[in-house]
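Below, chain A partners chain B and then partners chain C, in two separate complexes.
Our next item is the complex of A and B:
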């Protein structure tokens, strides 16, 4: 009977224009979204190339001048520009800490439109409170990008709904349901088979189109086998969820236009209303700690410690360390005091910032526990994770930059206090930043969660109908 | 016609779906309002606390050299505007505090969105969220079968045989779809108005702005009503009508704005922050640095100043030259910043223009922009705020540099400025643009909305005669 059903289904689909419309719309939407995503990644790479070039330009000046110094000449330049001074190198020639995009970054813009992907921590200054926001038109952040994540999370369910909403009700409305009842197959098995066939068709179509668009726009992504498998599985689970929803609506309501309305309602609820409501209620119940308050507190600490700092070092020089004395002996004392006075401030403000961070993490953690309420949220997180554009990735990048800034300081400051000059040899042994994606890819976990939710819904809400083999109530 | 409207409304009231949908929306509105008011209160309170505290910190700072005080700096805080309760606009994505210091023009820092998880990118439930995304769906729910049900129940021929005027029938159906939503919207706006006029410490609330907002949204609903009824006329079955209306809704509110984002990005890309900073640094190097008396520009200034006052050396000048040079340096740097920030703003304006140009595909876009602008939560408003903060920063720099210029003796070391003088620095004030200004800036948006209102309506009248 299954083969009959399959054959009939395939005939039906090939003869109706639905499959074609579906195919064309999925293909176009996916291609356009992939193209856009790729473009965004290209811009990011392009920005990275620009800053890298700039660094190279500055570095070549640095190397040239160092060569002049090592040849024993004394070029005429103020102390704060001499590149053989470790502090000058540390401040004027900082290294670049670049966060390269992942191969699959084009999938989901995630938070990548808000944050910068390169930072140059300097030898002095507040490296634990750097600003990572990128220049961006806030209107763009408000409306968001047309990327694959959007197509998969928002549009794909709508396509599934148009493909499934009247699978059973149509038979009833055409009067063929009774005929079906006379066949040697239980209506329920027939319905499940039909849904399963359509499920396989949509999932396979989506997979193939994803593969094809990648082939077209981003060949390198195809090498990411584990990530791709993860992506395919999570898509399959998400599609499954919507098929389960369609099944339940079909057997519970069983009237085409009401089915459509109910499914659209579910879509609205899960994709728009619940996320927005959770977001609003979540931030009302667990507000992010106020930044304005933090600013006040830091300013107060600064004010209170000003005198302590003044005892160590004059405030004028503190704000302009590059104007320090030219004289070697005084300089030594100057930097010693400078770091001491900075330390006073750092020791006081760091706990405050840390507290703030802990509070923020707690808040974010609380909010993220709500993700199980809507598969759309689960899906968004999974896609951001695969793309390396989630907030976790950016938080970790910040951490890596800070760790690097400590390395940078620890590399140069000892030179200063040993009164060593910065040489060409030092140039080649400078610490380099290498971004490492340290965030665990939880896509398997999301996949299992999403599948479990779907199965749970299927058995809990559909159990009554599954047991009812004769499907009497469907004829009503 | 009255009968048509009454009959449709009666049917609607008896329809359970409309009731359920309205109740859900009202619950959502209630959640949005309660949490919104709560946040609004908290933010307003924090704003006034921060403002007072910061001013106090400035006034009671320890005695110091005026230039050190300039580095010590102060903050400009963006006030919470009354209608931000209604429409959050881009406030989530722009910071609300700017650090004002010597030599540097800083960006507003700490946007709320950068502290939130990516969940925030789904949008936030606000009154405006319900009104702009969900209310149109109610219209579709009411109107998708306005005509198709008559076709399906074969009552359309009956109607025709009773010599009902087709235009009257169309207008009746239109009104019956529009009136319920008008009523709901009026209810929402009146409640919002009452809440806002009873909240304490509300800044810049006007019933006039709220009324214009109300009018704007009703125009949008009128557009959606026309389209829904028109689609219902064209469709063969209710199902097709519903799906087509929903496709239009998705196209209006999601697909067009998002596609516009990608167009805007590729046609008018923003520089990265570091690129922007290095362009500024490059330009700054070409001119006067208030700290560096040896540069070419500094020597030039010296010659010019001496000439102007007809003296041979700076010690003969009637004021302290160091303060004067510092101020000139600041002014030069401000020009550099102004140039680059204007370029940046031009890019933003061009990007927003890209969105607005797509208004012919989606009336959602002009409504969204107009709503943000009237609510004072737009990018435009944020730009005005940053400009005001920069003007204030320059005023502050001048105040401090001129203190050096006028009061510090030449060559004096250890000159300081005390609390009595710090107090004299005027406070930062920011007033939002007038409603008339906002509306005249939004002429294009208003024009597009008008076109959307008129053209489909003509289509509706014409089609009604043909079927």
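Our next item is the complex of A and C:
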């Protein structure tokens, strides 16, 4: 029966022009979304290239000036501009901490339009922890991004619905169902085969179009084969979910207009209402503290520290004896005082920054807990994960920048306290930032979860119909 | 052979078919006459296993239709009042699809010969059925019965809406099927065609078989009088 169904299903689909319409719709939507996603990634890469060039330019000035100093000359420049002073290097020649987009970043904009992708942590000031946001176009915030994730999560289910909502009811309304029912076949097997054939067609079409659009826009997807396989599998699982929904609605309602309404209702609930509600509940239950208020509080702590500067310096040298020279020649300037009070600052500001992180983590935990309610949340998480644009990626990037800023300071601060000069040799051994994607791949987990949810729904809600081989209730 | 024994179908307090018993042997045609709601289609739906009988049994060639649904369906062909086929497939493709679903596999020449045998003009064989008349679609249905070598033919008001020529052609096809030892059960309103083609006539009212007549023993006029008497009794009661 299967080969017969396959042959005639393809004939029926091609002759009804449905397959062509579907193919063209998916191809156009995917191509436009890939173009948009690629444009965003190219903008990120372009921004990174510009800042890299600026750094190279600054570095060439640094190296030339250091050569002049090492040749024994004394160029006429103020003390705070001399690059042989470690703090001048630390403040005026910071390294770049770049988060380069991944090959598949075009898939999902995720948080990439909210956060920056390059920072230059200086030896002075750690407020960069609060300064990661990008200026975002408010219209874009209102309507979201038309990227591939948007097309897959929001529009693909609608195309699947138009392709499946009347798979059984059409036979009933056309009058062919009774003729089919009079043949020696189990109508439920026939229906499942028909759905399976359409499922394979849609999944394959989607995969092929994704690959073709990647080729069209010169995306080197093979550079991330594991993620590419993950992408294909999660698409297959998401398509499966909507086919299961169509199966259940078809066997339970079996009336084309009612089927369409029911499936659109399911789409609205699972793709729009539930994710938005969970998001709102998260923000209402665990609001993130005001950034402006935090900056003000940090300023107050700073002022308080300045008043206790001597006390702080004594404590600092007691805990860092290697930096104390134990003679009267050691002078403490602005930078000495700044680094001495940095630890105190860090301890006092930690609870403020922690509040922000804790609330954010609670929001994320809430979403993680309820993600199984909506396949759209599972899908969005998976696509952001593949793209490297999830909240987790940006939080980890922030963490890596912070870790690097500590390395950067620790490289220069001992020179300051030991009154050492910064040399060409020091330049060549300066710490460099290398972004590492440390976020574990959640795609496989989400793929398994989505598949299991679909199968569970299929067997639980469809069990009554699956057991009834004669499927009598469908014919009349 | 079609056999029903005390076949009953009720929906709550409403009885659609009550204690219906009849047999249609090979080479016989039983026409069930009756007004709308008399229980004719319900009987056919129970024979097709689309409905479970509340009590009693229905058998095709000695096999209970509820216990051997797939086996009995392989022995029968069903032609509803308005036989619908896949409009974008040709007559040959429709026949090929449904015969393959019945477990039979024929080449195109065989399929064409079945369609010709059923009276469908040769030039229509390779045309999509979307523009076929009801009569032409029913011929495809008969071709399916021929291809399946059906032992039983179930027809639900097959001549309603057909023009006299098509109706006549269809009745001739049934006569041929009868000659080929097929047992035929036909639900119809058409007394004239019933008298013309059947071997037996059953008149149903309110789910009950009121009269079971051997067609050879009754004239058309007598049949009409009997039928109207039963229907009038219904109206009076």
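Here is the rule we go by: the second predicted complex is superposed on the first by the 412 of 476 C-alpha atoms of A that agree within 3 Å, B and C clash if a C-alpha of one lies under 4 Å from a C-alpha of the other, contacts with A are read in each partner's own complex, and residues count from 1 in each chain.
Just so we're on the same page, a residue touches a chain if its C-beta (ideal position, glycine included) is under 8 Å from a C-beta of that chain, and two chains touch if they have at least 3 such contacts.
Quick caveat, the model's predicted, so the values are computed rather than measured.
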item	value
Which superposed partner A:172 touches (first chain B, second chain C, both, neither)	neither
Partner chain in contact with A:180 - chain B first, chain C second, else both or neither	second
First, second, both or neither for A:16, with chain B first and chain C second	second
Touching partner for A:376 - first (chain B), second (chain C), both, neither	first
Chain A residues touched by each partner, larger count belonging to chain B or chain C	B
Chain B versus chain C as contact partner of A:145, first or second or both or neither	first
Which superposed partner A:292 touches (first chain B, second chain C, both, neither)	first
Chain B versus chain C as contact partner of A:114, first or second or both or neither	first
Which of chain B and chain C A:276 touches, first, second, both or neither	first
In the complex with chain A, residue positions of chain C that touch it	45, 48-52, 69-71, 73-74, 76-78, 80, 82-89, 93, 97-98, 100-103, 141, 154
Chain A residues within the chain B interface of the complex	36, 39-40, 43, 47, 50-51, 54, 110-111, 114-116, 118, 120, 131-146, 150, 154-155, 158, 162, 166, 256-257, 260-261, 264, 268, 271-273, 275-284, 287-288, 290-293, 295-296, 299-300, 303, 306-307, 310, 315-316, 319-320, 323, 360, 364, 367-368, 370-371, 376-377, 380-381, 384, 390-391
Chain A partner contacts - residues on chain B that touch it in the complex	17, 28, 31-32, 35-36, 38-39, 42, 46-47, 49-50, 53-54, 57, 60-62, 64-65, 67-68, 71, 75, 77, 89-90, 92-97, 107, 109-126, 129, 133-134, 137, 141, 145, 238-239, 242-243, 246, 250, 254-255, 257-262, 264-266, 269-276, 278, 291, 344, 347-348, 351-352, 355, 379, 382
Footprint of chain C on chain A - complex, ascending	1, 4, 8, 11-12, 15-16, 174-176, 178-186, 190, 469-470, 472, 475-476
